[in-house]
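So that you can tell them apart, the chains are marked A, B, C, D and E in the order they are listed, and the count of residues begins at 1 in each.
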Amino acid sequence: MTHAALVTLLAPLVGFLVLVTLRRDASERLVGSVATGAITLSFLAALVTWVGLLHRSSREVTVTLFGWLSTGSLHAPVALLVDPLSVTMMLFVTGVSALIHLYSTGYMQGERDFRKFFAYLNLFVFSMLVLVMADNLVMTFVGWEGVGVCSYWLVAYYFDRDSAASAGKKAFIYNRVGDLGLLIAMFILFSHHTGLGYLQIATSASTHLSGTAATWVVLALLLGASGKSAQIPLFNWLPDAMEGPTPVSALIHAATMVTAGVYLLVRMAPVLALSGSGRTTIAVVGALTAFVAATIATSQKDIKKVLAFSTISQIGYMVLAVGVGAYGAAIFLMVAHAFFKALLFLGSGSVIHSLHGEQDLRKMGALAAVLPWTYPTFLVGWLAISGLPPFAGFFAKGAVLTGAYAHNKTLWALGVVTAVLTAYYMTRLFVLTFRGRARYRDTLDAEPHESPAVMVAPLVVLAVAATFAGALDLPWSHQHTLDTFITSTVGVSASTIGVSGTGQWTLALIDVVVALLGLLAAFSLWRSSTARPALEPRFLERVWYWDDLYDRGLGRPLTRVAEETTRVDDVVVDRVVEGVAGRVSASAAGLKKVQTGLVRHYALGMTLGVSLIVVYLVARVG
Amino acid sequence: MLALTTTWPDLLVFITAAALIVVGALGVISLTNPVHSALSLIITLFGVALSFLEQSADFLAAVEIIVYAGAIVVLILFVIMYLGVDRHPHDEVEPLVGQRVFAALGALVTVGGIITLMAKSHWVTGVMSASMNGTSLSSGQGEITQLGQSVFTTYLVAFEVTAALLIIAVLGAVQLARRDRESEVEQ
Amino acid sequence: MHSSWWLTALLLLPLAGVLGVSLTRSRPERARRVALVSVGVEFALSVVVALLYNAHVAQASTWDFGVRWVVSAPLGLAYDVALDGISLALVLLSTLVALVAMLSDRAPRREPAYLAWQLLALDFTVGAFVAHDLLLFFIFFELVLVPSYFMVAQWGGPSARRAAMKFFLYTFVGSAPALVAVIYLGFLHQHEVGGNLSFNYSALSSTVMTSSQAVWIFVGLALAFAIKAPLWPLHSWSPSTYGEAPVAAGAQLAATLSKLGTYGLLRFALALTPLAVKSVTPVVLVLSVIAIVYGSLVAATSRDLRRLAVFSSVAQMGFITLGIFSGSQIGVTGAVVLMVVHGITTLGLFVLIGALERRRGSARLDDVRGLQGAVPVLSGFVTVVAFATIGVPGLGGFVGEFLILLGAFGVHPAYAAVATLGTVGAAVYWLWAYQRAFHGPLSENATGMADASPTERALLWPVVALVVALGVVPAPLLSRVAPSVQQIVAHVTPTGVSR
Amino acid sequence: MTTLTLPTINYLALAPFLVMAGMALVLLIATALTPSRISTRVATSAAVAAAGSALVITIVQGWQIARHGAQLTAAHSVVMDGFSALATASISSSLIFALLIAHDWEGRERFVGAEYQMLALLATSGAVLMTEANDLAVVFLGLEILSIALYVIIAFNRRRLKSQESSLKYFLLGGFAAAVFMYGAALVYGATGTTNLTSISYFLGANVLVHPGLLWAGGGLMMLAFAFKTQAVPFHFWSPDVYEGAPTPVTGFHASIVWGGAFAAAIRVMVSGLGTQSDTWRPIIWGLIVLSTVVGALFAITQVNAKRLLAYSSVTHSGFIWLGVWAATARGVAASVFYILTYAPTVLGSFAIVALVGGVGDSDHYLVKYRGLARRNPWVGGSLALLLLSQLGVPFTVGFDGKFAVLAASLDAGNVTASVVAMLAAAVAAFAYLRWVASLFAEGDPDVAPLVVPWASRVVIASSVVIVLVFGIWPAPLTHLAQHATLYFQP
Amino acid sequence: MSVPASWYLVLAAVLFGIGVYGFLTKRSVITMLMCVELMLNAVNLTFVTYARTLSDISGQTIVFFVMVVAAAEVTVGLGITVAVFRRRRTTSVDELTEMRG
């Protein structure tokens, strides 16, 4: 089993190394096979690991590879922690990744730097696996940053487009700000002698951490999570990240990387348990993000932007779940979301592909007819995210909302409103894309066509997954398969949440009703129209002026500060030195006049010198 | 105090010597014609010789007249005449701003300070016995004998090395005053 | 305990190289071969020494290869060399930097002389690092100025002369009080124990002094070291010097010579004046934090890779001094690691600057776009250097920065927290700079530019490999450095912040 | 009838003086007896031989001193101790250098005859006398022999007006200083009853002067003469003008031979004679140190003339040597002696090159002439660079060791402020040297022909470079010697 | 008994002061030379006075040497003056300012 875990981790790395060392003119088929093969292998190994873990009595297996950062009292080895949580993550990360790799071999056909793309992609998967499989925070941080770097490269993949380059940079820097949180959290933990290994923290947190310290750690972690998982206040890099190729959006910016923050929070559940106020903050941030992002998603014109805000909103749900202690629900939604959001992104990729790169919803319409495979699979995704049974989204979202309801009614209400909005904007997207008039004919000369099989196949697989993933964690009779599985890690079970059976049925009904509400509203509003300014206020289109706020409040002032500092450096710091030097030479030049060449002046100088000596002596003698 | 220790003739000699010295010195620095200055210097030298005599340094008094007044000043006078600079009396306006004020200040402070220091020390703090092998200035012996003894014992080396000094003087005078045969080109 | 001849050989070899170069100076190509051979052998030798080095030579000490040989007793001059983990790391760095720098740079004229100066700079740097004697260290520390001056002044850019002069005078002024402090400390020791004047490191470190004496000695020494590092706000010589220096000289200056400053701060200024630590630490920490923020801010506006290197270094030096004065073993260890990593990345950066300048005549970033399209491999190298500076885990920079911040946070949480911001700063200025020149549509003046030549690749791949290796398996470095650091930390804070 | 008992004289003590003065006399007689002028080659050879013999004699002296200890001779007016022997050795070897430089110079200027050599020998004999003088009268005579001979050779080049002008300036100020010195000596005589330094120190050791004013006034006035000869500020004014005006070979005299004598006498008078009063005169020297180092450095950086620059540079260096005198300890004396010992060849080597660059006429010494020298004459340029770097105080040159030694001595005696000031001033002065060094390596005028370096200059330059480097890296022999250069009497 | 030594010492000091002042204010080289002679005479007077006070002949002997030195100095000094005068036709020191700074 440990070997399988190792293979899971290393297969992508080997894939990356092979791709890097491949000849520059290697065929796309070879490159694609290597990359996809590596990830597939990884997925299979993950399966083996999972099975192996199921057959173990101990649900926490540590695999230490070698000592890494060990000095003084710090011991951060390169070690893997295979437990239910990490196995769950491994499985869906490698699974979704494998599908997206396969899809990409079709999508990226003929692109420049094909090999580099897959190398980055493999490296990304490796980093993501490091993140989820690490046995300690420092190593998690390695993966954490690694996915950030890969994200930077992949977002800025079309580097000759300024917008892509800027987006990549923006993504990295926002993440970096979040990373501060993770770093600080590590520092606080370490300075309280909890150690940085997860198992260590789990055992020692309650004794070593005071409530205040725990709150600080939780807040710092939340900052880290909000950077990586695009939550308020650091969410606005994710829409820009859509500048990357669509498979990248699907993999990194929907399914895997952006959920790392949620994973981290769940991972740190033992610390979260120590801080009630910290968890409340998390819940509020999650609920707010879910709501805000959903409102924005209702007014976006770019198909990928809608999906991006949808992702933010869905992750908001996950964070909300973490905040209310429904860790199982969070992971459940994460997995389910990975399926249907990847499906939606890949579907949108297929749409964009068919329209030769067109992403504007207003220039689509009536694609249902020309995309026989994409259309039904997308339909599944749409229904899943809208929260209609029996699709996965219904169960997952239901679990989250149930948790929220038990914890805080206000947050639950916000979640329900968000659910309406979700159904609304997704339906709008769906309608504008596949229904109505074929508006693409106005701008596009060529005829749209369905994508090749390599792209379609993953869509089908994901559609199936999105349909049946709900079975992972069915609430009835308190089955909660997934939740039970990871309870050993998080220490909190869904069965302890305390909503009665009737209550759960009622809540589920409400979910269905609100989803239908949003769905029908969108249908009626958008079936015949492409522009409804009243429903797309500038305020929402401009993302609540969030970017402008940062730009005015932070970006520009900082730029000015930097420029001023530069000026200070040129003018003051250097001038001080030059000034001293100048003063020295000026005084030297002034002194030069003393040397008049007149011997009588010289003699006078000497005489005055003697006078001084004599005066000193007189003074001394008293 | 003064009346008790000093006889009138001595006082008279001192006053005369002091007058000669100061007047002569003031003449040197105030007269514009170098020739006059040189002559004034001779007055000072006579005053100094007189005070030497008064302080029982008879031989030195003689040397002072013969060597200083007789040789050195004559040499100076000779050069003044030779160069003819007496015909170009210097302008009495001091061209250097503040030179005189500061010169006076420097001289006054220095001399005043030295006098203060001397006075604080009761004018003399040494004792004769300090000299390891100095010859005492006893009244019975001739001063010249003692001087001779001192020169050839305590100051034997000093005396001998004056020879080097004199060689330099000769050599220097010859070297400096010699005219170059080749044309003098300023480089 | 190993024979001291290893170190003596390390010191003599470059000198032999200088001799060889001067004998063959009429045939520049041959002179170059001689120089390369000697610096190559020097590097190999330093690797051998590193392998031989035994971190626990005796129970009491981590010093190895030691010998003391008094040159002039009245002056207290002695040939006193020894290695511990910290100096070992820096000696290795110096020889590596010298080798790569020399390979990467060709002088357009009078190359033999240039090579000879490089060898001398290497020799003096190594001398300073192996000196186990305050005075000997100071001598080498000062001596390094001479080759640096000549390299910059004679082979540098258009206003190199002025820059070199400024550099020389700035550092020279700084070391004037340092010499006084050195001697003063020597006498404190002599008056205490009697015997001859001695500046032996071990002897001096047990000198008894009052805390005000300690502070004065510290200030005297630290000024010189801070200028060399350069620590904010004493960095103002570096923009012009790094801006004008030829590539090899710039690499040596920025990568290794600057480490003389931080090394001196750690080894001498800090370790010899434990009583001063309490009162000077806040000052140094404030300066370090300012340096980090300030360096990042100015670097963010730089339109030139050289200037970026300068202010990036200012910020990195801030991290290093933060680590040194963190009072924590982890922090100090991190500082030493970062010294090494900064040396390597700076070396890579200067090689890249050289590569760009060979192609474009300048390392400016604002008059060219989309270089990544034209020179993808070079761009890749730039990215690696950038990420190492940013502190991306898996690369060496992270190890250093992380240890520094981790160590410092335990003792001085506020300073460490602000310093952590610097890790964002590095991302900001590097990515900005990268985007400016390497992203975007390919500009006309960059089309047709040749990508990395085989030589350049051969020079840069080892740099990348080292940066990665230090990030992934830092243990060989840590295990050698940590015992030595522990000794210093234990000496400076006897009550022991052993974290 | 009184009998005259001549004092016993240890001729070994006086031998260096006698050899030099004697050779001067021989040359004088030879000049008088031979019909044609003596050739420069003969004159130089003879003078170098004399200087060389003096050097050898000092070795014998040192050997004697090591075996029998230091001794007084000639009625205690002359002392032979390690200090005098080493100082004399320094002066004698400096003379050899100076004579060799002058040899080439005389060739260029087409001077014939032995006048220069005679005067140089005589001047040097005065300096030698100062090193071993144990009586204020002998100090004074040594000083005057040195000075008066110098006046003449500074004015030696009759074709250069500057030469004579500077001689006249030096003469006037020198006469003034000599008079002040002698007045000081008179006051000391009145204060102690003797002019013999040993007697003075015995007297002061045996008697506590309740009213030391007279003694102090005497000491203070005498200090002027020492400060004057050693170019300490504010008594340095003559030096740049004289350095610029004097024939270049003579310029080299100042910071080597003159300093040898003047510092030796200063140390002997201040430490040996008036050592008990060190608390009083230390502040004066402190002032000299601070002023000399700072003012010298400030003036040096604005100079455009190589010789003037070196003049101000030596003003700064003088301040450093005074640091050792300030300490007034055995360490201080040794440090100052070491400094003089090493600075002399440095400065002589520099002037050898300056003389060469000055060329025929010896008049154009502007720094612009040095542009590209290291390119045209790599060895000469490199040597000059090294000598300048040594003066700057770069390690592994004697300049660093010297600075280090005096700083150590001064700090050992507790003089922190002046030490720091001096070091900072040295850093300022570094600019002057560095600018010069930079121009050496700059792109020069391609039309300028490389220098032709005659053998004598070659010897001087090579030896000075060797000394600077070898003793820079390995100062032990010299520090050892300096350590043994103890004064006969030191309180 | 003679007048107190202090009188002569003050007299000598005054003479010395006059010499100094003259040296600083006269422009003719020859007059300056004479001022130096005044100073030296003050020195001599002091020596002789102390010789009498201390009853020690040394003071007088030294005067002897001072005179020799004075003679040599004057000889050489006048030699230089003559040499300069030949070229510059002046004995004013104020005109000797070719070197400065």
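Methods note: a contact is a pair of C-beta atoms (placed from the backbone, for glycine too) under 8 Å apart; a residue touches a chain by one contact, two chains touch by 3 or more.
As the structure is a computational prediction, the values presented were derived from the model and not from experiment.
Undergrad: Under the document's definition of touching, what chains do chain B and chain D have as common neighbours?
TA: A, E
Undergrad: From the Cα centroids, identify the chain that ends up most central relative to all protein Cα atoms.
TA: Central chain is C.
Undergrad: More contacting C-beta pairs: B-E or C-D?
TA: Between B-E and C-D, contacts are more numerous in B-E.
Undergrad: Would you kindly tell me how far, in whole Å, the mean C-alpha position of chain E lies from that of chain A?
TA: Centre separation, chain A to chain E: 96 Å.
Undergrad: Let me have the rounded angstrom distance from the C-alpha centre of chain A over to the C-alpha centre of chain C, please.
TA: 37
Undergrad: Counting in whole Å, what is the centre-to-centre distance of chain A and chain D, each centre being its mean C-alpha position?
TA: Taking the average C-alpha coordinate of chain A and of chain D, the gap between them is 78 Å.
Undergrad: Give, as an integer number of Å, the spacing between the C-alpha centres of chain B and chain A.
TA: From the centre of chain A to the centre of chain B is 101 Å.
Undergrad: Touching two or more other chains, which residues of chain E qualify?
TA: Residue numbers touching two or more other chains: 9, 16, 19-20, 23-25, 27, 33, 49-50, 53-54, 56, 58, 61-62, 65, 69, 72, 76, 79-81, 83, 87, 93-94, 96, 98-101.
Undergrad: Going through chain A residue by residue, note those that touch at least 2 other chains and give them in order.
TA: 592, 595, 597-601, 603-604, 607-608, 610, 614, 617-618, 621
Undergrad: So which stretches of chain C touch two or more other chains?
TA: Touching at least two other chains: 169.
Undergrad: Could you list each pair of chains that touch, in label order?
TA: A-B, A-C, A-D, A-E, B-D, B-E, C-D, D-E
Undergrad: If we count contacts the way the header does, which residues on chain B are in touch with chain D in the complex?
TA: 113-114, 116-134, 141, 145, 148-149, 152-158, 161-165, 167-169, 171-172, 175-176, 178, 180, 184-187
Undergrad: Taking the complex as given, what residues does chain E use to touch chain A?
TA: Spelled out, the residues of chain E in touch with chain A are 20, 23-25, 27, 93-94, 96-101.
Undergrad: Enumerate the contact residues on chain D facing chain E in the complex.
TA: 136-137, 140-141, 144, 148, 151-152, 155, 158, 161-162, 164-169, 171-172, 175-176, 178-180, 182-183, 185-187, 189-190, 193-195, 240-241, 244-245, 302-303, 308
Undergrad: Which bits of chain D are touching chain C when the two form their complex?
TA: Touching chain C: residues 331, 334, 389, 392, 394-396, 400-401, 403-405, 407-408, 411-412, 416, 419-420, 423-424, 426-428, 430-431, 434-435, 438, 441-442, 474-476, 479-480, 482-483 of chain D.
Undergrad: Of all residues in chain E, which touch chain B in the complex?
TA: Interface residues on the chain E side: 1-11, 13-22, 24-28, 30-31, 33-35, 37-38, 41, 44-45, 48-58, 60-65, 67-72, 74-76, 78-83, 85-87, 91-92, 94.
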